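Presented below are the structures under discussion, each in the form of structure tokens.
Both of the next two complexes hold chain A, though its partner changes from chain B to chain C.
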Partner chain A sequence: MIKVSHSESSDEQFSFDYGESEIELTRRERLQDFYEEFIRKPGMVAWNDRRTRIGSAILFVYVLMGTVGVWFYRAPQTNQVDVPGYPGGRGVPPFTDLSAILGSTQQSGKDILAQIIHATPNMLLMVLSGGVFATVVAVLIGTVAGYKGGTVDTVLTSFTDFAMSIPGLPLVMVLAVVLRPTNPLVLGIVLMVNYWAGLGRAIRSEVLSIRQESFVEASRTMGVSTPRILFKDVIPNIMPYVLVNFANAARFVIFSSVGLYYLGILPAGVANWGIQLDRAYSQGSLVGIAALYQLLFPMIMIMGLALSMILLAQGADRIFNPRVRTRLAGESETIEEEEDADAPAGVMT
Partner chain B sequence: MNYYLRRFLRVIVTIWAVATFTFALIRLLPGGPLVQLRAQLIRSGASPERVETLIQSYTKIQPDAPIYVQYFDYITSLVQGDLGESISTGRSVGEVVGGALPWTLWIAIATTILVFALAIVWGAIMAYFEGSNFDLASSSASILAASMPFYVLAMLLIIIVGYEFGWFPTRFRIDPNLEAPVFSVAFVGSALYHSVLPIASMVLTGAGLQVLAMRGNSISVLGKDFVTVARLRGLSDRRISITYVARNAILPMYTSMLLSVGWYLGGTVIVEEIFTYRGIGYYMYEGLESRDYPLMMGIFLILTSTLVIGVFVADLTYGLVDPRIQTGDQSESF
Partner chain C sequence: MVEKPADYREVIDRRRFMELVGVAGTAALAGCGNGDEPTDGGDNDGNSDESSGTDNGNDDGAGEDVYADVQHVSQTGLSTADVQWNPYNPAGFAQVSHEILFDKFAYYNYERGEFMPLGIQNWELVDETTYRLDIREGLMWSNGEDVTASDVKLQLELGIVIGSAYADYVESVETDGNRTVLLNLTEQTNPDILTFSILPNEWLQVPESVFGEYRNSLTELQNDFAWTDAIASGPFELDEKGGDQLNTTRRENHPDARNINFGNYAFQFMGENQAVYQALQNLDIDSAFTIFTPPRIVEQYPNTVEEVATPSLWGYGLVPNHEGKHTGNRAVRQAIAFAIDREQVVQNAGPRSKEAPDWLVGIGNSSQERVLGDSAGDFETYGKSEQLTDRAAEVLEEAGYSKDGGTWKDDNGNAVSLPVQVPSGWSDWVTAAETCVDHLNRFGFDAELDGRSFSNLLDTVWPQGNFTLASGGWNAGAPTGALSYFSLRHQLIENFRGHSYNYPAANESRGGSNADVSVPEMGDLTGENAMTVNPSDRLSELARTTDESTAGDIVLEQAWVTNVDLPMIPVAEKQEQSWLTSDEWDVPENVGETEQAQVHWPNAWLPRQGMMNYSGD
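On to the complex of A and B.
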């Protein structure tokens, strides 16, 4: 078991600008400190959680499929499966032949495993660009609005409220029809076009409490510039929260992109699990229950990726969430008792 | 300014801004809807003059007029409740929306209420039995439910509960053979019966994360000092769990409920398409698929207005839940 010193990691309100220190820290030392305080320790707290480990393992499989898998496994093509007894290689049930282990489609004889694997890279790119876009915009708007206050806050918050009051999915659909994005990176951004708003709002209220902290006040009295305070004092303290929400945003990208591909609103020229779902489902209503296997595998793929995102979010939640701290303080029981039983009582605030 | 008045003005401004946005989307995008619509009409063999009149009647936009006149005309007809004419169905958008909106509202509202009722009750029970096998099983089930998109569950429900067992209808909003008058027992019964699967598919998947959130809230409230003090005062468990814990744990849920109404309302576009449930989501999908811009934009506008007004109404009740209602922005600016 990895030992984590809870008493150190509990100090959430850590700041990097040692105002009281006479000695200037070198860049290297700062980086080391940053790594120690914001990457290694939270990482270990998170890694201590079973959910983080399972989530990372699943995600790793997807990344492998999206990078190496695409190289090694053939691309989906019409009538590519060659199994005796199935003309054109169509409708091969799963687990009957090693050359197409998950079977082939009823209508076009495409290898289902190939379809699944070749849909992964685009999906991962979409998740990455959508997640990064939403988080970066939310962090920028949320921290500036929360920290600056006054007119800036009013303007940014009104804008956020406006973005938040548009139902996301219909907006994305309208944009998708009008703009017809094909690049997965652009598509990711279109999907998150107003998702950032809810997150920005939440970050703003986090920042509202951080701005009152003494280390922020110290930086301000020392005349440190606003961007510097935001990047050095404020943002590091909301990082775990942002991580949790990055994973949630990623789940949203997966759900809405597959949903739009399923509806056929996005251009269908690429491989996507949603398109597979659509084809399989429309054939299922014609052929009946025998065609169900085509539906099952893309479903499992979608759920697996979403599951890994949820598990990672829940694991990251541990670093940040006060209720975990409450639990570590021994004030309530927990599922992972063996992990927390040795935590020193009463060190948490 | 009065808090409620300010909120109300914000509703008006938001709807106006979205209307402007749809106008810009239709009119200004290069190669956008208007150009495509014109190409579509010319391909169908209409004469140039006829094309112009058709465009004008469909979109309430006169392509030749200066942009501010077009904009003014567009907003004026919206204020008068004229959303233009649907190209694919030939009916006015207002007519399509009017017949379909109540059904969608029913789905979205019932979903939201059920999700949060389920989350609050279940999450509280889980928090109460924290660490038990029941808690572990429920947490795992919630995570699994949350990892399933609602349309995937919808398909599974149709195949398993609908086709295989035949317990629930898989399409339409009421039995097409039913000739009972509106609001008779048979009518309402049929409507409820047909909405079971669409609502179930969104509730069961949507509740997952909310259950976990409620569980987390309850656990963190249980660890608060005022609960310990209440225990020391010897108050009854019942009073502690309801007045002290439940109220404080539900409060954060309220905000996330307002946020998720929009998601459920938007989700109806997919759900209604899967269940051929003719609400406005279904017609929005039809509009999207047949590139029927007036229908699509009209419904988008209606969906947004519904959400904005819904959130506004819900906001008015927030004071009942939380007496510490924020009446203004007192924070000092840096």
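On to the complex of A and C.
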């Protein structure tokens, strides 16, 4: 992993703490700085990577489906497809009629595209809340434990170990039955209820080595407060790792939610690709190939979203690579573009 | 993971049967008298052959060899490693194999509407309070002992102690000779009630030599004793079990063995219907007991896979909570019934295996026309194949509801919210529930699907009455559901799934208090309440009366109560789908249409009749 050395960065470039800056900046300049540092440069770096472009494009399609799509495309309903020769709209094969381009379900005549589109918003919300929850908790606990050491470390690490020792899937299943979460934001958190522990442990290890770095030592010597050291020196250094793991966590949310919906453990009143898979399977889509499409489309949707997460994670890694970043931002002409070797391959597995 | 697993338990598990038939009563339907011998021709005194490989006495195949090595492979949904055959201990009790290992007292033939004798050859009411059962001649246990009256006496006595369906009518059991058992009744009871509660639910599977010691230790019998080395009374005996397959071998000293020309009958464990679909498609198995199969799958089966559809006398319905804010209101229940297009539900959930009931009454679909007779016109159909939204709106408005912003609201402005619970693993029920939800929403209710695991629903949600609209079976199941007494009782007094639906007339165990019910005069759905009846008392009366006209009147009256008050809302009635194969097996042509096959289950009954034998290919 590449460590971002903050010795290269000046306060003017990276600091948000404008009150302490000796240089007075206008509001406009501050916004410009912010845009430059946090949007344009990372954006350029990321966009320069093909994986990010593809990943973003895929994710954009999902976001579009989850926002605009649900407004423009009808909600799934039984017997909603009206294609001559298919009574009740049942079992229309894909690409036979424009009114239901992906076909309709064998049993209840539901438009498959409608099911797919209307499952997207909840899935995105779930991914977001689950990913953010797991990452934030892991980063907070991991960094504080790793940086502070001593009793704080012992307590937090013990708590993390405890959380890790609980079997995740049965716990989630029990919680799902007891809480019956229908709100996707809550569901995302429930699914990740102890996922953060492993990540927190790993982050703690990272922080343990970073706290020995000279720039952290320097900050400590200068009397900088612990939260500030954590936010300015430590967390930026573990960001690539965190971001990659955010994407992994997001994938975990996708797979586990689909899995639990498939198993019928989560409340089935909503649209979800897992439910679609379950219905297709139990209606015998695996017998013969004529009804395979019912399984295929939700699977493609699941794989697509997971793929976009992986690609974005790989691309995001480059944002935090200072050499690539400065070069692409036009501030350095000399550094060779980093290749895949920079990617923290170990954490992607 | 479709309706089948639990459905299957429902039909196979004798405990369930016992629960569903309940207390004493009688029925208006004609029952079954004495039967003929189960096999045509030939003697019945046991084995006519000296050894395998000799001629058998099969009507169809006299002179043919017995193929000792040939194995008929069927399927079971229960892990064969854990299976045991103590019927009083539900843990691991055989799902299907007991049909082959033991002789059922009698099989109910749905086509004939009568019982076909098997283990019990003759049954009759000998005087007002004595009911007699005669054991078939020549029956022996696989350990060489005779099946005697004391075996059956013990079995019935154990049944009385554990509260089987007949326990309320039978005071004591005694033997009369070696083959006859006499049941002393508590009071005069219509024999149909006894017949239906005993014959189809009991197998000759309680040898006194094994179960005698548990006579006085019921707890041990019901909880601890796992009978893993079953002693058979049927035409096949236990060979080996383990892995995924249970093997049985033909018993030459069984009277029906002469009708069977193959040596082995095996059950392969298949946990999911998908596995059975695949196995039948590839002809990997030779028969399947009851498997819900969507039409598209059926179309893909080879021609040699033959379907036998039999009535199940139950099916998908909605069970309203009568203490629910809105579902406690008769008008809302009627509006729900009007708003659902039952034919559409059936077309979605399984047109091949389901049919929409003509009238919404507590009487099985096939009996409705006969039972309602000339009064049928007075009964409301609630629109079998259309959404009668105008009628629904009419009854709601009369009850003070109004439509606001596309949603029906009560006079306090509360939207009529109707979560529809359904076991999430039962795919055909889920489809039915989804369709109902859409119909209710289209009409303007605020309905949504609430899928949960079946065990969660059965163990906690339903008994506690935590539902607004639960998906539940609206009839008592086969074959008891064929009797109006049982089907009405299921809806009005005590449903077999333990739904605490708080219907006032129901038993306390179902949330009721056997209260009176007031309904309009027959034929006037929304009229003033002009008739107050007590369904519990009336059904008890029905159980005791021997006067057909009185019985008919009570049935009509209570059917009207179910029609207008809708304690349950019937939606579909299903058929059981059993599967036979004819590539290697001689089964009657068009076996699905064959009268003899109209039993539960054909692949256990037909071999005994010489109608499912190895073809020799």
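Following the convention adopted for this analysis, the second predicted complex is superposed on the first by the 263 of 349 C-alpha atoms of A that agree within 3 Å, B and C clash if a C-alpha of one lies under 4 Å from a C-alpha of the other, contacts with A are read in each partner's own complex, and residues count from 1 in each chain.
Here, a residue touches a chain if its C-beta (ideal position, glycine included) is under 8 Å from a C-beta of that chain, and two chains touch if they have at least 3 such contacts.
Note that the coordinates shown come from a computational prediction; the quantities given were computed from them, not determined experimentally.
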item	value
Chain B versus chain C as contact partner of A:A306, first or second or both or neither	first
Touching partner for A:V174 - first (chain B), second (chain C), both, neither	first
Chain B versus chain C as contact partner of A:Q77, first or second or both or neither	second
Partner chain in contact with A:L292 - chain B first, chain C second, else both or neither	first
Touched partner set for A:V155, first chain B, second chain C, both or neither	neither
Touch count on chain A, higher of chain B and chain C	B
First (chain B), second (chain C), both or neither touched by A:A57	neither
Contacts of A:V186 with chain B and chain C, given as first, second, both or neither	neither
Partner chain in contact with A:Y281 - chain B first, chain C second, else both or neither	both
Contacts of A:A268 with chain B and chain C, given as first, second, both or neither	second
Shared chain A surface residues [contacts with chain B and with chain C]	177, 264-265, 281, 284
Complex interface listing, chain B residues touching chain A	10, 13-14, 17-18, 25, 29, 32-33, 130-131, 135-136, 139, 143-144, 146-149, 151-152, 155-156, 159, 163-164, 209, 212, 216, 219-220, 222-223, 259, 262-263, 265-267, 269-270, 273, 284-285, 288-289, 291, 296-297, 299-300, 303-304, 307-308, 311, 329, 331-334
Contacting residues of chain A [partner chain B, same complex]	147-154, 158, 161-162, 164-171, 173-174, 177-178, 198, 208, 211, 220, 226, 251, 254-255, 258-259, 262-265, 277, 281, 284, 289, 292, 295, 299, 302-304, 306-307, 309-311, 314, 321-323, 326-327, 329, 331-335, 337
Chain C - residues contacting chain A, complex	1-2, 273-274, 277-278, 281, 293-294, 296-297, 300, 344, 347-350, 419, 424-425, 427-428, 430-431, 434-435, 438, 448-453, 456
Chain C-facing residues of chain A, complex	77-79, 87-88, 90-91, 106-109, 177, 264-265, 267-269, 279, 281-284, 286-288, 290-291
